[in-house]
Amino acid sequence: MSNNKESQYQFPELLTTFPALFVAHVQINRPKKYNAISPDVFHSLASVFDKLSTDEDVRAILLSGVGQHFSAGLDVTAASSSGPVSKPSASDDIARRTWKVRRHVYDYQNGMNAIERCEKPVICLLHGVVYGAGIDIAVAADVRYCASGVKFSVKEVDVGLAADVGTLTRLPKIGVSYSWAKEVVYTARVFGAEEAAKVGFVSKVVKSKDDLMKEGMELAQLIATKSPVAVQSSKALLDFSRDRPVADGLAYTAVWNAAMVQSEDVTKAMMSGLKKTKTTFEKL
Amino acid sequence: MSNNKESQYQFPELLTTFPALFVAHVQINRPKKYNAISPDVFHSLASVFDKLSTDEDVRAILLSGVGQHFSAGLDVTAASSSGPVSKPSASDDIARRTWKVRRHVYDYQNGMNAIERCEKPVICLLHGVVYGAGIDIAVAADVRYCASGVKFSVKEVDVGLAADVGTLTRLPKIGVSYSWAKEVVYTARVFGAEEAAKVGFVSKVVKSKDDLMKEGMELAQLIATKSPVAVQSSKALLDFSRDRPVADGLAYTAVWNAAMVQSEDVTKAMMSGLKKTKTTFEKL
Amino acid sequence: MSNNKESQYQFPELLTTFPALFVAHVQINRPKKYNAISPDVFHSLASVFDKLSTDEDVRAILLSGVGQHFSAGLDVTAASSSGPVSKPSASDDIARRTWKVRRHVYDYQNGMNAIERCEKPVICLLHGVVYGAGIDIAVAADVRYCASGVKFSVKEVDVGLAADVGTLTRLPKIGVSYSWAKEVVYTARVFGAEEAAKVGFVSKVVKSKDDLMKEGMELAQLIATKSPVAVQSSKALLDFSRDRPVADGLAYTAVWNAAMVQSEDVTKAMMSGLKKTKTTFEKL
Amino acid sequence: MSNNKESQYQFPELLTTFPALFVAHVQINRPKKYNAISPDVFHSLASVFDKLSTDEDVRAILLSGVGQHFSAGLDVTAASSSGPVSKPSASDDIARRTWKVRRHVYDYQNGMNAIERCEKPVICLLHGVVYGAGIDIAVAADVRYCASGVKFSVKEVDVGLAADVGTLTRLPKIGVSYSWAKEVVYTARVFGAEEAAKVGFVSKVVKSKDDLMKEGMELAQLIATKSPVAVQSSKALLDFSRDRPVADGLAYTAVWNAAMVQSEDVTKAMMSGLKKTKTTFEKL
Amino acid sequence: MSNNKESQYQFPELLTTFPALFVAHVQINRPKKYNAISPDVFHSLASVFDKLSTDEDVRAILLSGVGQHFSAGLDVTAASSSGPVSKPSASDDIARRTWKVRRHVYDYQNGMNAIERCEKPVICLLHGVVYGAGIDIAVAADVRYCASGVKFSVKEVDVGLAADVGTLTRLPKIGVSYSWAKEVVYTARVFGAEEAAKVGFVSKVVKSKDDLMKEGMELAQLIATKSPVAVQSSKALLDFSRDRPVADGLAYTAVWNAAMVQSEDVTKAMMSGLKKTKTTFEKL
Amino acid sequence: MSNNKESQYQFPELLTTFPALFVAHVQINRPKKYNAISPDVFHSLASVFDKLSTDEDVRAILLSGVGQHFSAGLDVTAASSSGPVSKPSASDDIARRTWKVRRHVYDYQNGMNAIERCEKPVICLLHGVVYGAGIDIAVAADVRYCASGVKFSVKEVDVGLAADVGTLTRLPKIGVSYSWAKEVVYTARVFGAEEAAKVGFVSKVVKSKDDLMKEGMELAQLIATKSPVAVQSSKALLDFSRDRPVADGLAYTAVWNAAMVQSEDVTKAMMSGLKKTKTTFEKL
């Protein structure tokens, strides 16, 4: 199945495979460039996660990098020729230049947002260097695991920029110390696995990239055995609630579940729990 | 006093006692059912916490379970006969069935919300098994302590459901790692006391259920010696601010305290602090 | 330079110096009163941080206390003669008294808010006793470091008050365990450096006040070497996003950066990174 | 049927009848007191509208006053003996007095809120004098009609108060000129039917109270012929959206309707439309 | 030019022309079906307005219907075969059916949202019958004009549905009487041009469809002579502010205009104003 | 009294008088420049309204222009030399220029915001020409009256700008047709008194400037006879509620009034109402 399927997931600079039942694996595929994020990567991330979002054969998604590093951050050379840090056209006045840059930023944000708006859970496996745009990607995912030798940096300040494709927006909302978050943003200093785990930036540290893939796969397969109605509803409800008052979160949840609890998955899951048997849930 | 008082607090499936001056203790009281949460428990939680909210003899509330376990979660059998997971009436179309389920979900949420909207602080003492609806209750409380042998699980996914009576709404707002929160939600895996303490889900771990009751009581009694104007205002202002921008939180706080700082409790508390004596605050 | 500059920063009860290039140091200067916060301190905090906010010679600000203690909290004696806890005028009715108290609370909040709205990052160095209003100040800062012997207390409940100049509004938003936050608020109990670090209230603990000043200065100087466009934009975007849904945070960020990425700082920072040389950024 | 039903709707100071199929009529019933709003009226409004909200025999509700006047506003004498404007207990300090007043205000607001949270549409028929609390009631209803001789006044300022049970909160959200709204609030001046219609405060003016009852009944009966799923969903979605950004309103609407469009009412309504026949919808 | 351009704007069921410099005209093109809105129309609306949004040759857009009627609303037959009111697949359980319907609703909302998110102003010209989905389209536009013989109806209740692609979300935010809005929603009654103008639903009524086209064209051409930076910024800022507190609206506006006021359009527009000459603004 | 008082209200380009008990009159005082708004006017508006906000001798404020016109809008010449439309410094890069412009915009917005945050009601009397920044001022006021010959224009688009000091933020929130609002914003066309009254932009039209002053004075004096606690509370609560969900507006109102209803103004006002006598309220 998966070969045929993989052929539908050909996007530039990304490698998408289906290593187990209901599990997809997206890898940033520019190892010679340390997986630097080019405009193509941003666009492909949007395409692949929007496609996975409604793919009934997928229930959990791994996201990592081909080779040693997750990502060294924005590909400055590529972005300079056509993106937000490109030379402005001499004939544009500042309003027009700025307007175009804003469109570019929205365009790049769209790549990260696709990870968050993807209906399926995304497990981000962080290894090697994870700098700048690599962090923007990581904070848009649901779960973050890392290998012990990882090197993180919210690098944008070091290139004269405030991070603008997600890091500054999502860091205050992922349950890490705000004092720590501001410190690593203002200094762009490198931090490691242990520090990331202590503040809750990642929820697990393992020894090597190999172990990381193994642990990530186990988590993905575990999630894939669960009712997709339950798991995907949970993602939608957690993210909606994060952004709103408790009363709004509860109201939205009640409306959502009023239909969902009528799912046959409830009966199946309950029977399976009582009888200690495995069950198979219909696609979603 | 308390015997007479207890007679006013007779609600099905809950046991409410007044073990010390200004301290109430609410216990889920279905030990043979592992304190599974029936529709009666939801309704009684709403009744008892709404009543405690304006009870002038109460300044701190302990919440635990009778017997070994805090709660094994929703009582599926009971809920199936009259609640949101009950068989739909054959004569209802889907709109009417869904409408009724939504009313049920609101009804159950109301039980948890009563804990949060209760004007008095609620200390949740977690022991034995704390699954599903047990977690929904815990996250609505102010403070969470646990015994070292506790077993937690956000169990709903395992019954084919997204948690809909509070867990998914409140988890993103209690200062725990969002990566960890999503992981335990999507997998329904069991986690223990140490992990809960590390991410800040609980703020204290003690050895046994006995120690838990002792520590909980000490905390409750300490809070009960404080000005009830100060403590109960603090609860109201923290929860209001959690849900809103800083500027709104400050504006609301200023309006609130403009009257409250004129309390005689301020004078009393200051004198007591200067003279190192105990003071008695009027009821609230 | 700095002597001349310091003469422009003479505000009552504060000591403002410029110990290194682009670094300001604000100290609460009432050591004989354990740096208790008088109305003058509140007003001076507003004045000095509003002035520093647009001072082009400043890129990072240290905030500490002269002498052994950071601050013992509100100066009750001073506040009683002219502030929110002063005796009401006999001729005022309750509405007018309350109106005036509210103005006082806004006035005091304004001192803390100036720290948050200051465009430059503020690093709060906490030592000795940090009680009550000392905590209100600390949570308005960007980064919190402390010395190992520090003693913290959200003291307001012990004077019969809910904290109203920032602590209750900002504690739910700085990434600490909400269970822990409510516990320390309701009890006013003292907690130390280790506990503060574990929950993420501070992001670093060092041995002594001397070490604290040294570490703080190193952090401030590191930040001061970075592009001020990047650092100050980051502060603005983090705080805006903290208070709003992710979609609003991203939209605001895109508008902000649409102009900012055109900064010459980007080119300079990139060149400097590539050539491993130091660069000098224009003032802001 | 209705006699039996009316016996279940006996609440002090209100008269509730069921004048036509699916239509309820609630009348304030203190004509000798010009229908002044006593604490009993507030409580009865909460009780009756919460009960009507889930009454399957009701699809539209008329709200008017027995006798010549809709309501002369708060019953100051009654409210003075037990409500927010009652003399404070001499033994209470200001914090406790204020706390109790706030509970009273919430209690009174609850009466008006029940009109808004009632799942059925409420048509408010305004006649004679509509002062103070009468306006608070009117703005919580869905539709406002009036008789030509009506006299309106946002009277609270004339009793030394800001309106606190709904008028000031809802006036900025019902589509009337904000300049006009502030003018009538600050002056408490009387305005008539024509002015009320011009700014959109009411959507219809008829000649007499008799005509008002007739027009109100026609509207109620027309609404009662429609699918209750469609009408009651519309109320819920309009009010949710009014309070939130367009994007949130649309998201909530999509979740709500995802189940509701599967109603058999859709098929019935469509068939009825095509065949130009009447249809009967199941209860809700 | 426009012929060539029109060839790039071939979308099913819509007719897009460029009748004057910088003016586009989108027409719903199913006159034999009274311009009923099929899934193709929804998709084409999304495509054409997203394309026009960044088309530098366009500064104002007219939106009307080919033939006598603007639109008779949702094409029920077409929607039944593939949209939200289609027969559910027998093999789907209710959760899966509901999930799919929600995706359909989002998909349809996306067509209307494209009108609102289009960077260019959209002038909606309403004529003949404007029912159901026709209203959803109209309220997403910037300006609404109508011909005197127009017949409006928020028709959804008559097909057993709450309107879910925009009407219920946007009606409370366009400055019309909320009492009137709820009345026309709950009854689905027809209303005409005069009533629509009185409440502000439309801002101009003209005699015939011919006059409507003439007036619409005059408005579009007038807007097209203005600075596109100024006009398109205004649309963005009005819609952002509508959904948020005044303080947020102002903050966003300041960030936006900080770059925009540096536009050469400002100088050009000022010179043109002073010299009473026409000017030409660069594309945007 | 007033001469002495006026001497405390000397601010550049404004004329402030005290024509009646408790009534202040602020006039833009650059008649030779058609009351064009210079940086001095913005700053003086902030200063005078912040000072009036806590002036106990003031209960209502008139705002008009010296001479024939209210204001022709921004003084472009003055603003060009030091404000947001001034020539950028050649040595600044775009980030720094933009940063400075944003500070300027905030600075100008602050002048308008002072009108809204002023605790006293502001009645704006509009005459002659009211263009551009004149509209920004008008929409920040509480009540708008105009003379019949007035000429309004949201002029900013004609100078190549989106209005950024309040018009675009406040227009969607003052109860006018959104279709009309966008039309007058996008075209900058002139509209007159009748149209302004029809949509609710102004709430009264009178014949001449003399009549306008007379009517404004009558309204101001009427407001000044009312309890200042009631009137000023009403302003605060209306504006807070306008920006927030109904539930938040009600909660804030309850906290506010819990103290305010204990005012002696309530007793005084009630007695005065019953006895049909005049009363005198204490200052606020």
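Letters A, B, C, D, E and F mark the chains as written, and numbering starts fresh at 1 in each.
FYI, contacts are C-beta pairs under 8 Å (C-beta built on N, C-alpha and C of every residue); 3 or more make two chains touch, one makes a residue touch a chain.
Here is each chain with its UniProt name: A, B, C, D, E, F = Enoyl-CoA hydratase/isomerase, ClpP/crotonase-like domain superfamily.
Worth saying up front: this structure is predicted, and the values here are computed from it rather than measured.
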Homomeric contact subunit B-subunit F: same or different residue positions, threshold half: same
Comparison of A-B and B-D by number of C-beta pairs in contact, larger one: A-B
Whole-Å separation of chain centres (CA-atom averages), subunit C against subunit E: 47
Subunit E-subunit F separation of Cα centroids, rounded to whole Å: 33
Geometric centre distance via CA averages, subunit F-subunit C, whole Å: 34
Residues within subunit A bordering two or more other chains: 94, 98-99, 173, 175-176, 199, 229, 242, 244, 247, 255-256, 258-260, 262-263, 265
Residues of subunit C defined as touching subunit B within the complex: 76, 84-85, 88, 94, 97-99, 101-102, 105-106, 109, 113, 116, 156-164, 166, 168-173, 175-183, 185-189, 199, 242-244
Residues of subunit D touching subunit B in the complex: 54, 92-96, 98-99, 103, 229, 259-260, 262-265, 282-284
Of all residues in subunit E, those that touch subunit F in their complex: 121, 142-144, 173-176, 199-203, 219, 222-223, 226-227, 229-231, 233-238, 241-242, 244-247, 249-250, 253-263, 265-270, 273, 281
Residue numbers on subunit E that touch subunit C, as the complex places them: 240, 244, 248, 251-252, 255-256, 258-259
